[in-house]
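Naming follows writing order (A, B, C, D and E), and every chain is counted from residue 1.
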Amino acid sequence: MILSRVLQQLVNGLSIGSIYALIAVGYSLIYSILRFSNFAHGSFLVVGAYAGFFIVTAMSIPFIPAVLLAILTAGLAAVTTERVAYRPIRERNSPTLYFIIASMGIAIFCEHTIVATIGPKFRTYPRVLAATGVDLGLVSMSKMDVMAAFMAFLFLIVLQYFITRTKQGCAIQAASYDLQAAGLMGVNVNRLVGTVFLIAGILAGLSGVFLGMKYTVYPQLGYLTIKAFVAAIFGGLGSLPGAIAGSLLLGVMEAFIAAFLSSQLRDLFVFSLLIAVLLVKPGGLMGKYVEEKV
Amino acid sequence: MAYIQGVMIIICVNLMGVLGVSLLTGFTGMFSFGHAAYMALGAYTSAILVGRLGMPFVVGLLAAAAFAALASVIIGYPTVRLVGDYFAIAALGFGEATRLILDNGGSLTGGARGFVGVPKHTTLPIAILIVILGAILMRNIINSRFGRSFVAIREDKLAAEAMGINTARSRMLSLAISAAYAGVGGSMFAHYLTFLQPVMFDINKSTELAATVVFGGLGSMTGSIIACIILTSIPEIFRPFYLWRMVFYGLALVTTIVLRPQGLLGSFEITLEGTRRFLTAPFRRRVSAGGGARWQS
Amino acid sequence: TTSKAPDTIRIGYLANITGDGAVWGQAEVNGAKMAVEEINKAGGVLGKQIELFVGDARGNATDGVNAIKKLIEQDKVVAVLGSNYSGINLACAPIVEAAKIPQIGSFPTNPKVTVDEKGNVRPYSFRLCFIDPYQGKVLADFMVKDLAKKKAAILYEVTSDYSVGLSEYFEKRLTELGGEVVAKLAFKQGDVDFRPQLSEIKQKNPEVLLLPNLYKEIALAAKQARELGMSEVIFMGGDGYSNTMLEMAGEELQGSYWVSHFSWEDPGLRGLLEKYTAKYGDTNPEPNAAMGYDIVYFLVDAIKRAGTTDGPALKDAIENAKEVKLQHAVITMDPKTHNPLNKLAAIHVVQGDKIRFLKNYAPQD
Amino acid sequence: MAVLELSGVTKRFGGLTAVSDFNISIQEGELVGLIGPNGAGKTTVFNLITGMYAPTLGSIEFLGERIDGRKPYEIARRGIARTFQNLRLFKNLTALQNVAIARQLECRYSFFDAAFRTPVFKAEERRVLDDSRELLELVGLGDKAYERAKNLPYGYQRKLEIARALALNPKVLLLDEPAAGMNPEESLNLMDFIEDVQEKFGVTIFLIEHHMEVVMGICDRIVVLNFGCTIAEGTPLEIQEHEEVIKAYLGEVQNDDESHAQG
Amino acid sequence: MNPMLRVDDLHVHYGIIHALKGVSLEVQEGEIVAIIGANGAGKSTFLNTVAGLVRPSAGTVMFLGKRLAPRAHEVVKAGIALVPEGRRVFGNLTVHQNLMMGAYLRSDTAGIKHDEERVYKLFPRLQERHRQPASTLSGGEQQMLAIGRALMSRPSMLLLDEPSLGLAPILVKDIFATLREINAEGTTIFLVEQNARQALALASRAYVFQTGSIVLAGPSGELLRNKQIQEAYLGARGADRKRRRQSKVSQPPA
């Protein structure tokens, strides 16, 4: 009895965490290169979710190509944002705070443009993957979550390989440390950063389509990225495995606290735990907290 | 003209919050997503003391400042050592947690249903007086050894430490002052609106405060003030195009930062002395005017 | 600023055009616009045309206060209609009182909107809907008396005044009736996944799951509850529902019950629905559209009876409204509480792809 | 009495021993040089003295009091100031502000004084700024007072760091490669300057430098580190002749006059 | 013969500061050319502008007959590498990764490997530290890394901004010897040095910068003999000072 309760909450937590993970990987990817929290990540997500919805419902394109088209749209949105908003800031060597604020401005702009043009209503994807759960005796879970978890891990592995094993990945890290010096190595920083944003946008778009199918599409859908932000901090900013671990952990903690401690004060406990973790490990669970040498 | 007055009072309320965030973010380099929480604490403290216990408004204001500062010290103690986004997220967590506590506050806070019947005390003259006083005090603090320590920490924490600055304590001080300002703003707000709900102090409020500071230029108090006036009025001016005004707000924020990344004023301060000099010798070299907090000599 | 009196009658509508509640706000304004057009076509009121001014409260009290002040002072409206949020109207109450301009809320269900904490009626604040205690009572009564169920669980939004209020009043009444709340769990604004809470609720085997939430959360919770294998439990909830929730959780919501202020299926509303659809192309509008429409007519009736747009006189006329025939109800205002008297609640049930009107309901004490 | 005394100081980073069993005793008014190949552990010694790192083993005493394990700001307040090898200026602040931040350590007005600009505050502030200006004059940056630190050329930034360290009014001044980025002529000026400073402020100076003319020209005593260990100690003349030092650090031919001859 | 690098009337402004005021110069293929000048003369600004880090407000930079775009990565592609002032190694990467970044544009694995070995031979210290994050290196080690990194791109022209900064005397000698070697292998070298004496000994020609302009240019030997140069940049006063000090030391304490 108690075992099945605990197991069920574990499954609940992991499945919530998988969605966080999918968002957090993209978000962490941007953090790992530009060292700032991209709040517009939620906007790319919403763009992907809406694009997916309209392409599927209005254009009667088969589902899989439609989804691909949707996440590509999100990727392009990300690249455009980078080109129009972030690049000028980057080229002026402004402190990262400016990126954060710019990304917040973009988030506000996107949300309200959607409210003003498409409308505030929520939209529902046609049911493609039946949302009904898989009953495993003691616990039940949904196929969508398994998919999300799978996708998150897939991207983690690919991106992790890309960042740590390839020359371009190395260049990304170098650029995150000193953009100008990376240029001196012959790295076309703009193109590289553009590529990273494309990947992050695609990831955001993918999570958007997921969220849209699983929950629903509405202009404030992007707010969920705040959770991914928290999760990434838990795991250690800029570390992709950390982002995933943090996400799963956050999901599980939320589930357990809501179920067994207090659903009213859930976030109070979650944030207390977060602070406790940071006190012990200032760089998050998997982040490297490098003391600078002088 | 209660409408214009109302907007101006809201500007004053926001100004107190913005002055606080400006000190913390612009001068000390700590980014906070949780300052709405200090406003909330100030607002509720004052509402309870004045509204329930019948104390005078002044007591409410001072208690709001004190309580917000106290809360900031409690939350600051474990977190001021954190850097960058880590501090920001801890602050965000604090903000959300505060909201949850207020939401679950039972009859003391009225919970999510709200606190009804806060006595109305905040009039425009009072609000302006508080803001002017607040701005002068803030300027004095910034132009003192305390302000210089904050700026030093923002620029290079390690070097500041090597110059004998107790960085943890200075950061704490900065956080406490900024929380106190937000608390006073909250108190003014409570006694203006006469009704409080935790949802009024959500993360959007916090980001609005932070955005205003950047819009005005980090490290420029006058910039923050001007930005606050502009950003609070824009949604009002564009009220007729109600559907699009938030779109415009977002756009304004992005374009300013893209086209003028140093914010409205950069770290330039408008001072009486500077204005006089500007008017008398408009073509004199003016670069040296920049440079974070300017000190009168 | 005009020096001479305006040659139209200016009415303000305080609605959430942007922000979270924009779905309802925009529907209300659409309905109100339609009513104003009709009335103007028919010659207006007191020989003058009506002009509608919309103020956007953006879903929060601060903006609501700014907006209503602007409506009153710059637009010089004679009365303010809306909003549908209690929090906004609570903050507006002192303002309309000071300006002596009546305000009639559409769906602010918190009792304190019209009666202050000391129990005195707020002179210029009115509403056209019933209040939360009543709604909670209807839900509990219907559950115990009509559905013959005793064990309920509640999943509410701890950050929403509406949700907190409704669940409180429901719980109170249910215990009075000998029923029991076996589990009461909360979530936070913005949450989309309630499986941890629902799993716990499932353990307690409730017969009814009260979802005193807004449509999005209702649909999500219902979907996730079924996903977790809660196949027997009956969902119930209040006026936060919307037709759109069926798009997302149609199957899962089959057989669930929703209490509201009125139903589009009410024969009296059929004409309005057709007109609305013809004008705005929306075949399945939010109930707020009807309220926006009716609330204008209610005010116009009061203006006619008062014979003037003078604030105090208009307020008296509203206070003494008796048997005013509107599309959705016949309204008599209670001068002691500024709530409509004996307003029936409409019970809805989900059947097929529609939320069907089951019956009108009034709890018996 | 020794102003600064390090005994048995060892610092390990993981498996790497950067400083190993280092001992030194510096007397008041001395000017001691610390040299050694790159990566020998010189900067690490400074970091240990100033509290940036805690020693793995050993003790550090300043005026007879243990200071190892103390926070950098506490050590700075006791009177040990330093410059950084990789410049750590407050980049966006003016030269004057950089100096004043260090200079203000001594002003003792309260928060209240600051908030209400009392006469105490005004007098102290005036003193801080006047002193700071004077220090800038002293290092030859008088006309750059309002220039932002990051816009100053490299050589000036080094001078500014020295001025900033001096502003702490230290008893011991640690200079990490002060002459880096200066040409021989400027190095000469720097030597004069350091000697002046020592005379004027009576500070004890401990200095790391790779410019031999500077080290040999002004130090009373030189300590040579290699792989974290002291390999030689003595007067400039002794060090210049020291076999091991020549092999590990100076190189076979003596530099100065040699290259003269080449030209 | 066409010059390899030709700079015409180059102006750079930082806001209202006029840092370069019309600099024109030429470097022939295979040369070693030095720039000397006091702090703030604009030497670093000049190198940074050639390397594409700073955008000139007027003037052109021609390299191998083509105009250089003011973008760092294109300049590298054209065959110019810069050892920047202040080292600017990638602190979050290991020594090895830093060197690989230097070879970013190359794809000849064997050649890269060979060149890395060569850097390690030149700076054995780096080999010992090859898996250590660059941020934890000592100042001099970082300087070695910065030089090694630039060599990894096999540039046809190497720009060095104070390469001897922070290096032990023995290493300075090594580096100057290496530069000579690299030059002999065909790399053109253009360096800014505070260590003017050694720079002039290495270079065949030199330019003297003063407040943003070239005030003197000529063969190194000539400059070395120039009285003004000796006084301003070579520390001619040094010998003087030495004598003074020695007499001071030898005096018995009063």
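Operating definition for what follows: a residue touches a chain if its C-beta (ideal position, glycine included) is under 8 Å from a C-beta of that chain, and two chains touch if they have at least 3 such contacts.
The model shown is predicted, which means the values in this text are computed figures rather than measured ones.
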Those chains which touch chain D and also touch chain C: A, B
Pair exhibiting more inter-chain C-beta contacts, D-E or A-C: D-E
Centroid comparison with chain A (C-alpha atoms), farthest chain: D
Intercentroid distance (Cα basis), chain D paired with chain B, Å: 40
Cα-centroid distance, chain B relative to chain C, in whole angstrom: 36
For chain A paired with chain D, centre-to-centre distance based on mean C-alpha positions, whole Å: 47
CA centroid of chain A to CA centroid of chain E, Å: 44
Touching two or more other chains - residues of chain B: 100, 103-104, 158, 243, 246, 287
Overlap residues in chain E, where contacts from two or more other chains coincide: 136-137
Of all residues in chain D, the ones touching two or more other chains: 43, 52, 84-86, 88
Complex contact set, residues of chain B against chain C: 1-3, 6-7, 10, 99-100, 103-104, 111-114, 116-117, 120, 193-195, 197-200, 202, 235-236, 239, 242-243, 245-246
Contacting residues of chain A [partner chain B, same complex]: 31, 36-37, 84-85, 88-89, 92, 94-98, 100-102, 104-113, 115-116, 226, 229-230, 233, 237, 264-265, 267-268, 270-272, 274-275, 278-279, 282-284, 292, 294
In the complex, chain B residues that touch chain D: 137, 140-141, 144-146, 148-149, 151-152, 155-156, 158-167, 267, 287-288, 290-293, 295, 297
Residue ranges of chain C touching chain B (in the complex, touch as defined): 17-18, 54-56, 58, 60-63, 65-67, 69-70, 72-74, 86-87, 90-91, 93-95, 98-99, 110, 112, 116-118, 158-161, 163-165, 188-189
Chain A partner contacts - residues on chain C that touch it in the complex: 18-20, 22-23, 26, 158, 185-188, 190, 192-193, 195-197, 199-200, 203, 215-216, 219-220, 223, 226-229, 244, 247-248
